[in-house]
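Down below are the structures I want you to see.
What follows is a pair of complexes built around chain A, which joins chain B in one and chain C in the other.
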Partner chain A sequence: MFVARSIAADHKDLIHDVSYDFHGRRMATCSSDQSVKVWDKSESGEWLCTASWKTHSGSVWRVTWAHPEFGQVLASCSFDRTAAVWEEIVGESNDKQRGLSHWIKRTTLVDSRTSVTDVKFAPKHMGLMLTTCSADGVVRIYEAPDVMNLSQWSLQHEISCKLSCSCISWNPSSSRAHPSMFAVGSDDSNIASGGKVQIYEYNENTRKYGKVETLMTVTDAVHDIAFAPNLGRSFHVLAIATKDVRIFKLAPMRKESSSTGPSKFEVQIVAQFDNHNSQVWRVSWNITSTLLASSGDDGCVRLWKGKKLVHLQQEHRRLPSVGNRLQCSDRFLIFLRWVHD
Partner chain B sequence: MEEVDVEPTITNIPALRRGKHMGFAWGQGNIFVYETLFKATGATGSGSPFIHEVRKDEDIYSPILRKLFNESHHIFVGLQTIREDLPSKNKKPQFVSISKNYRSVIRACMEELQQVAVSTKNAEMSVQYGNQVSILLAIELIWNLCEVLFIDAAPAGSLLLHLLDWVRLHKADVDEKARDVLQSDSPAEHRDYWDVVVSYVLQGRLDEARQMLGKKATLTPAANNIYKMMDNLLSKMPFYNPGGTQTLTEFDVKWRHWHEEVDRCLQDNSFASNQHLEVICKILLGDEDTLLEHKDLLGTWYHFLVSRLLFCHPTVKPTELHYYAQSCMTMFLDSRSAPEPLDSILLAAFEFDIHQVIKDCSIALNNWWFVAHLTDLLDHCKLLQSHNLHFGSNLREFLLLEYASGLFTHHSLWQLAVDYFDHCLEFGRVYLELQIERVPLDTERKALKVLRICEQRQMSEQVRSICKIMAMRALRNNRLGSALSWSIRAKDAAFATLISERFLQDYCAKGTFSDLDLIDNLGPAMLLSDRLTFLGKYREFHKLYGEKRFKEAAKLLLSLMTAKIAPRSFWMTLLTDALPLLEQKEVIFSADQTYELMFCLEELTSSLNTPSSDSDKSMQEEDVELTKVELLRLALSRNLAMAIVKEGTVET
Partner chain C sequence: MEKMSRVTTALSSNTISGKTMFCHLDAPANAISVCRDASQVVVAGRNIFKIYTIEEEQFVEKLNLRVGRKPSLNFSCADVMWHQMEENLLATAATNGAVVTWNLGKPSRNKQDQLFTEHKRTVNKVCFHPTEVYMLLSGSQDGLMKCFDLRKKESVSTFSGQSESVRDVQFSMKDFTFAASFENGNVQLWDIRRPDRYERMFTAHTGPVFCCDWHPDDRGWLATGGRDKMVKVWDMTTNRAKEIYCVQTIASVARVKWRPEKRFHLATCSMMVDHNIYVWDIRRPFIPFATFEEHKDVTTGIVWRHQHDPYFLLSGSKDSTLYQHMFKDATRPVDKANPEGLCFGLMGDLAFAAKESLINSDTNRKPYPGGDRRNPLFFFKKTDPTEQFAHVSSALTIYQTGLDSNNMDWFVSTAQRYLLTGKPFAELCDHNAKVARELKRPQVSTTWTMLRIMFSDPANLPAAGLNHSLSKLGSLPLMNSFSLKEMGSGLASESRLERGKGDSRQDNIHLETGNSHISNNNEENEETEGSDGPAECMFGDAELDDDDLYSMDHENQAEEQEYTLPQEGFQLRHEIVDNPSAPEHFQQDKADSPHVSGNEAEVPCLTPIESFSLISISQPLFTHHLPASFFCPIVREMLSYYAEQGDVQMAVSVLIVLGEKIRREIDDLTQEHWYMSYIDMLQRFELWNVSNEVIKLSTCSAITCLNQTSTTLHINCSNCKRPMSSKGWMCDRCHQCASICAVCHHVVKGLFVWCQGCSHGGHLEHIMNWLKSSAHCPAGCGHMCEYT
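And then the complex of A and B:
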C-alpha cells in the first residue's frame, strides 16, 4: 500500500467522518466546524471540493450518501440534536463551469432531545429510509414515501434501547429469507448495564421492530458496528469496535413453519483482535467483505483479511481438516500508521 | 486465539500530531485516512489539514503491466474452455503450451519494461521500472520451474534436460560475455575467455565450449595435445535423448564409462600442465569444491544444483530432487546469509510442495496476478486436489477472486474481471453482483455496457438498479426522453408514471411533444403504467390527426375518456382537442359518439363545479374555462344535428 495523494481538506476543525458515494466518484466530509464538504473526482483523478456549506449548529458527527437510485442525497447528524437530509440541485450552467454544485436542505429531523450520534440509510430494497440513533438511547426510522419529494419524511418507528446509542448498522442482506435487521451499539461504559450490542428485526405481524438478540459478552463501550455484505450466506457477520475488534457470526436457527415469533440466533464469536492495545473506534468492511478495517487508540488503521471468515460456512463443515497446510493468506494484516515528524 | 501468517506490511502516513486517531473510509481499491479524535464529545481541536488517499495495487496503474493483464486474460479464458472429459494424457501438451504462453507474455512485458527503464530520463521511474523487471524475472523463473516440475512433470532423464534449459534461460549473461569475447581482436587472449568456457561447461553447453577451446588450441600448438584430449572428452559426454531408442539404464552405463574415462585423465595428471583445463576436468567429474569455487559464475544455488546434477546424477528422479536441492542451497549460501523469499519458494518447488510455493508467492509478491493464474493452471492439471482434497478448488477460487477484485478497481480493466468471476463457481457471481453495481456509470455508453453484462447473466436486480440510477439522473437533468426509456428498461412503473406526467405537463405548456421518436415507438412497453399508456395513445391521436385520419383519431380520442385511460384532469384538454374535429365540414363523430362526448363533458363540468376545487382560481381563468365549455357545447350540438341528419340519410 502506498499514499497515492493527499488532499487539502481545509476544514477549520476536526474531521469526524468521510463518506464515499456508491460509485466511488464523490466523497463527503464533515467536521466540528459545523460544515459538510462534497468532493468530486475529476477526469484526471484529482479530488475537487465542489460544495461546502454550514449544515448544523454543532459538531457534525457523521455524513452518509443515499443510494444513487434516489438521486444525489446526503444525510448528516450532529451534536445539535438534529439530523438533516440534503439534496443536490442541478445548478445553473455557470455554476457547473466553475465546478460548483448546490445542495439544499430538504428536511431537519428534530425528534431527538440529545446529540444524534449516527445516521444511516436503510438498504435500498426497503425504499428510502433513514435511521438515526441518539445519546438518549432512541433509534428512529424515518421514511420518505415519495422519493421525488424529500421534504416529506415520516417517523415510522421509534425504538428505545435504554442505553446511550453510539452507532447503528443495517444488515445489507436483501434475501427474502432474512427480515429487515439492524444492530445498534451503545457507548455506555458501565459493565453492569449488560450487553452493549442489540439486534432488532422487523416483525411482519406486529409491523414493528423487536429486539431479537443482545450480545451479552460485549459489556464494554461499543463505538462502531458493521454488518458484512452477505455474499448469499445463510448467516450474518457483524464486526464490533469495542476495547478490541470482534467479529460475530449470527446464524438464524431454523424456525417452525407455523411460528410467528421473533427469530432466534446462534451467536458465535469468530475473531477477536486486541492489536490496537486499547479502544477501537471504527470498523468497516470493504465491498466484498474480504477486508475489515479498524481504527484504534494506537493511531493505526489495521486491515484484517480472513480467508477463514469469508469461507466460514465451508470450513465449519470441514472442520476436522482445517488448520494444516492451507494457511495461504489465511489471515494477514496491513497496518497504516502515523509518522510523527 | 488468532495467529497471523506473516508480519503485516506497514504503510506510513505523513502526519503532524501525536495522540490523534486516524479515521478512515473505504473506497474502491483504496482507503481514505485522516486525522481525527474519536474520544471527546463535542470535541473541538484544530483543523485536520489533509485527507490521504492510500492505494493497494500500484501495478494496475502501470500501462505496460496492463498488457500483461489483458493478454493473460485471453490465455485464462482459453484454458477454461479445455474440455474436462479429455483423458488427462491428451491434455498435458495443451497445459504445457498454455504455461508457455503465459511465460511468453511475462517475457514480452519484461522486455518492454527493460527498454523503458533504460530509455526513461526520470531516475525515479527508471528505478521503479527496474524493480518491476526484477519482480517479473522472479515470477518467470518460478513459473518456468513449476512448469518443468508440476505441469510437464518430466521423468528421470528428461528432467535434467529441462532443468538445464531452465538455467540457461535465466542465466543468459554468458551469451553477452561470449559475444564480447568473440568480438574482441584476439578472443583467446580476452580476460573473460576462461570464464566463458567454464560457464558453458557449467550449463552443459559443450559444443559451444569446444568451439571456444578450439580458438586457444590453434594459438598454442605446443599444447595441442591436451586441448585435443579435452575436446575428445567433451564431445563424448553422453546426453540422454528422450525421443531415442536408448533406455535410461543403457544411458546410465554409457555415462558411467565416460565418467570413468574423465576420472582416469585426472588421475593421470593429463591436464596438470594447464590449470584451466584441469579445472574443467574436475567440473566434468562434478567435484563439489571446484564447482563451489565458481560461485560467481554460477550466480545462484539452483544453478549449482543443476550443474551438480548434470555431472553427478544425470538420471535424477523427481522424488530425489528435494534432497539435492536442500544440500545445494545449504552448501552454496553462506551460513550467515539467510535464504531470501525466492530461495524458499524455489526450494519448496523442488520439494514438490505446491501449496507452500503458492503461499510463499502470495506473501512475497504482493501481486495476485501470478498466484491466481498459476494456481488456476495447476488446478486444471488436477494437481491441487491430490495434495489437499478439501481446499483445492477453494484455493484457486480465493486467489482468482482476489485478483479479479483488484482489477475491478480500475476504470477499464474491470471488464476483464468479469470473465474471472464467471469462472469462479462458488462466489464468483456474488462478487460480480457486488462489484459491478459500483462501476461508475459516467456515460450512457458505459451504462449500456455494464447493463449488457448484467443482462447476459440474468442479474435482474442489478439491471433494475442501473436503469433506475440512470433514469433518476436523466430526470434530474431534465432529459425526459432518456429518463423514460431508462425507467421502461427498469420496468419501474411508478417512475414511468411520474415521467409521463412530466411529458403531459410539458405538452400542456408548450403544445408540442419532445422525444417523439421514443413515444411513437413505445410498443408493448406502453403497458408498464396507465399514465404511460395514455401518453402513448394520446400521441397516437395526434399522429392520426396529423395524417388527416380523422375518423380513427376521433374514435381513439373518445375511447381515451370512455375507457378511463385518460386522467380526469386531462379531459378538458382532450375535449378541446375534439373541437377542430367537430368543426370539420364532414361529419366525423357519429351521433352515438357525440352523445358520449357530451356525457363526458357533463361529467367533467359537474365535478368542476364543486366550489372547493377551484376556489383559488382567478375570475379570469374561470371565464376562459366557461367560454371553452360553452364553445364545446355549441360545437357538440351542431355536430349532433349534422350527424343525425347524415345518419338518417344514409339509412334510407
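And then the complex of A and C:
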C-alpha cells in the first residue's frame, strides 16, 4: 500500500514541520536547529536537499509554501518571535551545478512579542496574504500589496484571541458565497478556559474579522487544525488534533442575501477518534479530502477515510506493519473509515 | 535557616524551601546578590539599595542601605556583590565610577565602609575573590580593572586590557586567575599577581561580551554571552581557548549563570526585548530547557539562591520586582514543541517527521496522563534524567503510495481523457463512461451512461442506439444467460425495480459486504470504494432508469467481462432479491409515474433489446418520450452529491457536457465555485491544457475571464530593438519581419520560442534541435541561451 522511504534529514534537533508545495514536487522541513531545508524530488523519485540555511535564532515551528503564482516563496515562524518570508533566487548557475539553490530573506515580521507558533498563506484568491499567530493569542494578517515586492508587507489585521494560539488554518474555499474564514487553535491546557478552537470570518461591512464560532466541545489543548480542501462543497470540514482526532462539519446556514450580520453555522461533530491514545500532534488532509492523516505521541501515522462526510461508524482494518517490509521499526498504519449509515 | 549553608548536595531542595513569589521594589533593580547562607538578598539599582530576607512565603525588607536626605551618587549602583565568606561585607559598583564597600556590622545607619574613586567612568562590575577575604576586583567602562585590598585605602594593582570598556570580571574558583570580558568582543585571562600583561586573550563574540561565568565545578569552563545573542562555552584548560558549546538565544545576552549541581545547565537573561529567563542545556543549544516568564520588563540580575541548590533562582528586573522562581514552576518550551510533522503530498504521498524516540521504541511511549500533563509525576520524570533532554533528533520518512490505491493517477487520467466537447452528446457520454470504467470507477461510468440515456434526444436514438444494439446483438445473449445464471430461478422481474428509494439503506449494507469481498482478493482501490456510495444513491434517486441502464450496458458487455467490479453489481442484485418490501416499492413506483406507462411503440429501437431483456415493466418508463427537464432535479441532486463528496471533477465535467440542459438548474455561484475548485485542482496537477479547456468551456463570466488576463505581449523588433507597432509582422522602422527563426530564417507563424537573454529564437522544434548540439545562440550573437 505504502512504501516508506527514509530520508536522512540531518537536522540537528527535532523537526517540527514538513510541508509540500502546491505541486507536490518540493518539500520543506524546519527544525529546532533554527534551519529550514528544501527538498526537491528528482526524476527517479529521490528527495534531494537543495537548500539548507539558518532562518531564525530560535526553534523554527512551521514552514509553509506560497502559491507558486507568487514565485517560489516560503514563510517560516519561530520561537524567536519573528516570522520570515523567503524567496528562491534562480539564475546563479554555479549554485545550480552543485544542485543547490539560494534562498534570500525578503522580510522579517517582528510584531509579535512572543513566540510565533504558526504561519500560513491565505488562499490564493485573496491575494498574497500571510497570517501568523503567536503564543500571546494574537493573530496577525499581513498583506503584500505588490505581489512583485515580497519585502513589503503591511499589517492589515490584528486579532486578539485571548488564548495562547498554537495553530491556524484558512478555509480554502474560493466560493464567493463563503466569506474568507480561518480557524485558530489554542494549546492552552486549562480546560476551564473554554473552547480551544475559534473561527473567524471576514465581515465586508466592518472590514474586520470577527469571531463567528467557538467550538466549545474542544476543551483540551489543540496542537493542529486543518480545513479540508473545499472542492466545491457547500460546507466546510475541519480536522482538529487535540488529545484525539476530531472532525467537524460547518454548514453555513442559509441567510437572506440582504442580511449582513456574521454567518451562522450548523456545527456538527462528524468523527472523533481516540485510537492514538495520546496527544495528537498533526492532522493533514489529502488533496481530495477523502483521507485524513494524523500523527500522535504513539509514533503512528493513522489514516482516516471519509465515506460520506455526514455520519460515521467506525470500522478497523489494521494493515500489516510497513516496518516489516522496510525495516522501519514498528511504524504502522491503520485505516479507519467513517462510514455513512 | 542557618543550617542551609552546610548543605552541599543537589537534594538540598529538601532543606531550602519556598515557593515562586515576588515583591515590589520601589525602583528598577540593576543587580542582585545573595548572602552565603541563601537567607538574604541584596537588590541594587540606580535608586534602590535594599536587603530583603527570603522567607517561606514572602520577601521581607530588612534594611535600606540608601540613607541620607539626598543620597550621593555612590548609592547609585550598577552592580552589587555580597561577600561569600564575610557575611557582613558587600561591595557595589557605582555609576559615577566609585567602588564602595559596605559593612553591615556597623552600628550607624550609614553602612558605607570604604570608598575607592579611582575609576574615571562607570564601574560595570565588582567581584570578590572566592577564597581571599580582602581581595576585590572591579571592571570599568574606562577599560581598566583594579584589584583592591580591603585593608588598604587604594588599589593594589591596575590591569589595563588595552581593549575597550570592561563589561564583566570573574574570579576563577580556585586560583588567582580572573576573566574579563570587553565591549570589543574580547575575553582576557589575567593572573592577579601579574598586572603588566594578560595571560591570554581571544575574541569570543562579534560585538560586546556582556557577561562571563566560570563553571562552579572548576573544569576550566567559561561561559560568555554577548550582543550577538550567543552564549559560548570555552574550555580554558587547553592552550588555546576552545569553543565547546554554543547556544543561540533570541536576544543579546546580559547575564549568564551556571546552574548549581547541573553540569550542562546555565541560566541567561537578556538586555533588551526579551524579558524571560532561560535555562539551557548546552548540549541541546536550540531550545531552552526551562523558561521563567514572570517579568514584565528586562531582567537585569539573576542569581541562583544557593550555590549547591539548582531549584531556586532569584531575579531582579527593570519592572521593579524581585522574584524567587521555583524550578518546578518553570515552563518547558520543549513540552509544547511539536515533535512531529505530517503533510499529505499532491499524489497522495505522506511526509512524516517524528522524534526518533517516539517511533523507535515502545518503551518510550508514555501513556497520556489523563489530560493533565503537569502532574507531579510527570514533572519528576522530566527533570531527573537530564540526559533525556539532550541529543534529540527526528526521523523523516516519505510514505509513497503504491500504484494501486490512494494515488491520484485516476484524477490525472480522467482529466486528460475525458471528452467535454466536440462530439455529439451521446458519444461524449459513452466515451467518458468508457474512460471511467477503464479506470475502475464503475459508479462514475454508470452515471455517464445514465446521463446519456436521460438526455439523449430520442429522435437521435434510432441512428445511434439502434446501430449499437444491432451490432452488439451477438453479445446480448451472453448478457442474458449471464444474468439468468446469476439471478437464479427465484428472481422475479420486479425485483429489479425494488431498488428504490426506501431501500437505499439496505442497499448500503449489501454494498459493504460486497466491497469487503472484493477488497480481500484484489487490493481494492480506496477511491472506488469511496465512491460506491454515490452509485447507490444514484440508483435510489433514478430508479426509473435502472433497467435501461442495464440494457445500455450491453454494448460494452464484452469489455466489462474483464473487470471484477461490474460483477459486483450483479451480485448485489441477488442479495436484494430476498427483500420482502420489494413489491410495495414496485407499486409505489408505478403509482408515482402512471403517466409514463404504455408507450412502448414510440421508440422502435428498443424492441430488439426488449425481446432479449428479462425486464418488460421498466421498458415503458424508458421508451416514453420524457422531456429532459424531467431529470433535471435528479441530475442537479446528483451533481451536488458528487460535489459534496469531493469529486468536483465529475460535477464540472457533467456540467460542461450537459451544457444548457442543466445549467439553469444550478445557481451561478455554485457553478462558479465548482469551476474554481476544479481549475485549482487541475493547476495543482499542472494540467494546464485541460484547465484552459475547462475555462474556455465554462459559461460563468467569472471563470471565462480567467484566461483573458495578461494576454497582451509587448515585443520589440528583433532587428532594431525598438518596440513593435500595434499590429502586423513587419517592423515599422526597419521594415523587416520581426519573428524570423534564427535556425531556418523563415518567418515563424505559430509557436515562437525565444531566449529572454538575447531575444533570438524561432520555431520551437528548430530551437530544440539546435540546443541539443550547441548551447550558444543559433543567431550567432554568442549568447549562451537559457530556456526554462
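General observations
By our rule, the second predicted complex is superposed on the first by the 306 of 341 C-alpha atoms of A that agree within 3 Å, B and C clash if a C-alpha of one lies under 4 Å from a C-alpha of the other, contacts with A are read in each partner's own complex, and residues count from 1 in each chain.
Here is the rule we go by: contacts are C-beta pairs under 8 Å (C-beta built on N, C-alpha and C of every residue); 3 or more make two chains touch, one makes a residue touch a chain.
All figures in this text were calculated on a predicted structure; none of them were measured in a lab.
Legend: residue contacts after superposition of the two complexes on their common chain; A:S57 is shown touching chain C, with no touch to chain B.
Of the two partner chains, chain C is the only one touched by A:K243; chain B is not.
In the superposed pair of complexes, A:T217 makes contact with neither chain B nor chain C. When both complexes are overlaid on chain A, the residue A:A9 reaches chain B and chain C alike. By the document's definition of touching, of the two partners only chain B reaches A:Q272; chain C does not.
In the superposed model, A:N190 makes contact with neither chain B nor chain C. Looking at the shared chain after the overlay, A:G71 reaches chain B, while chain C stays out of its contact range. When both complexes are overlaid on chain A, the residue A:N149 reaches neither chain B nor chain C.
For the contact definition in use here, the residues of chain A common to its chain B contact set and its chain C contact set are 1-9, 11-20, 22-24, 27, 29, 31-33, 47, 58-59, 79, 115, 124, 174, 223, 229, 231-232, 279, 281-282, 284-288, 290, 293, 295-297, 299, 301, 307, 328-331, 333, 339-341.
Across the complex, chain C is touched by residues 1-9, 11-20, 22-24, 27, 29, 31-34, 45, 47, 57-59, 61, 79-81, 115, 124-125, 166, 173-177, 187, 189, 191, 220, 223-224, 229-235, 243, 277-279, 281-291, 293-299, 301, 305-309, 322, 328-331, 333, 339-341 of chain A. Residues 1-20, 22-25, 27, 29, 31-33, 47, 58-59, 68-72, 79, 90, 115, 124, 148, 174, 223, 229, 231-232, 271-273, 279, 281-282, 284-288, 290, 293, 295-297, 299-303, 307, 310-311, 314, 318, 321, 325-341 of chain A touch chain B in their complex.
Listed in rising order, the residues of chain B touching chain A in the complex are 1-6, 8-28, 30-38, 41-56, 58, 355-356, 358-359, 362-363, 387-388, 390-391, 394-395, 398-399, 401-402, 405, 427, 430-431, 434-435, 437-441, 461, 465, 468-469, 472-473, 476-478, 498. Contacts from chain C toward chain A in the complex involve residues 229, 248-250, 274, 284, 286-287, 333, 336-355, 358-360, 362, 365-368, 371-374, 392-402, 404-406, 408, 411, 505, 508, 512, 523, 526-527, 530, 533, 640, 643-648, 651-652, 669-670, 672-674, 676-678, 680-681, 684-686, 702.
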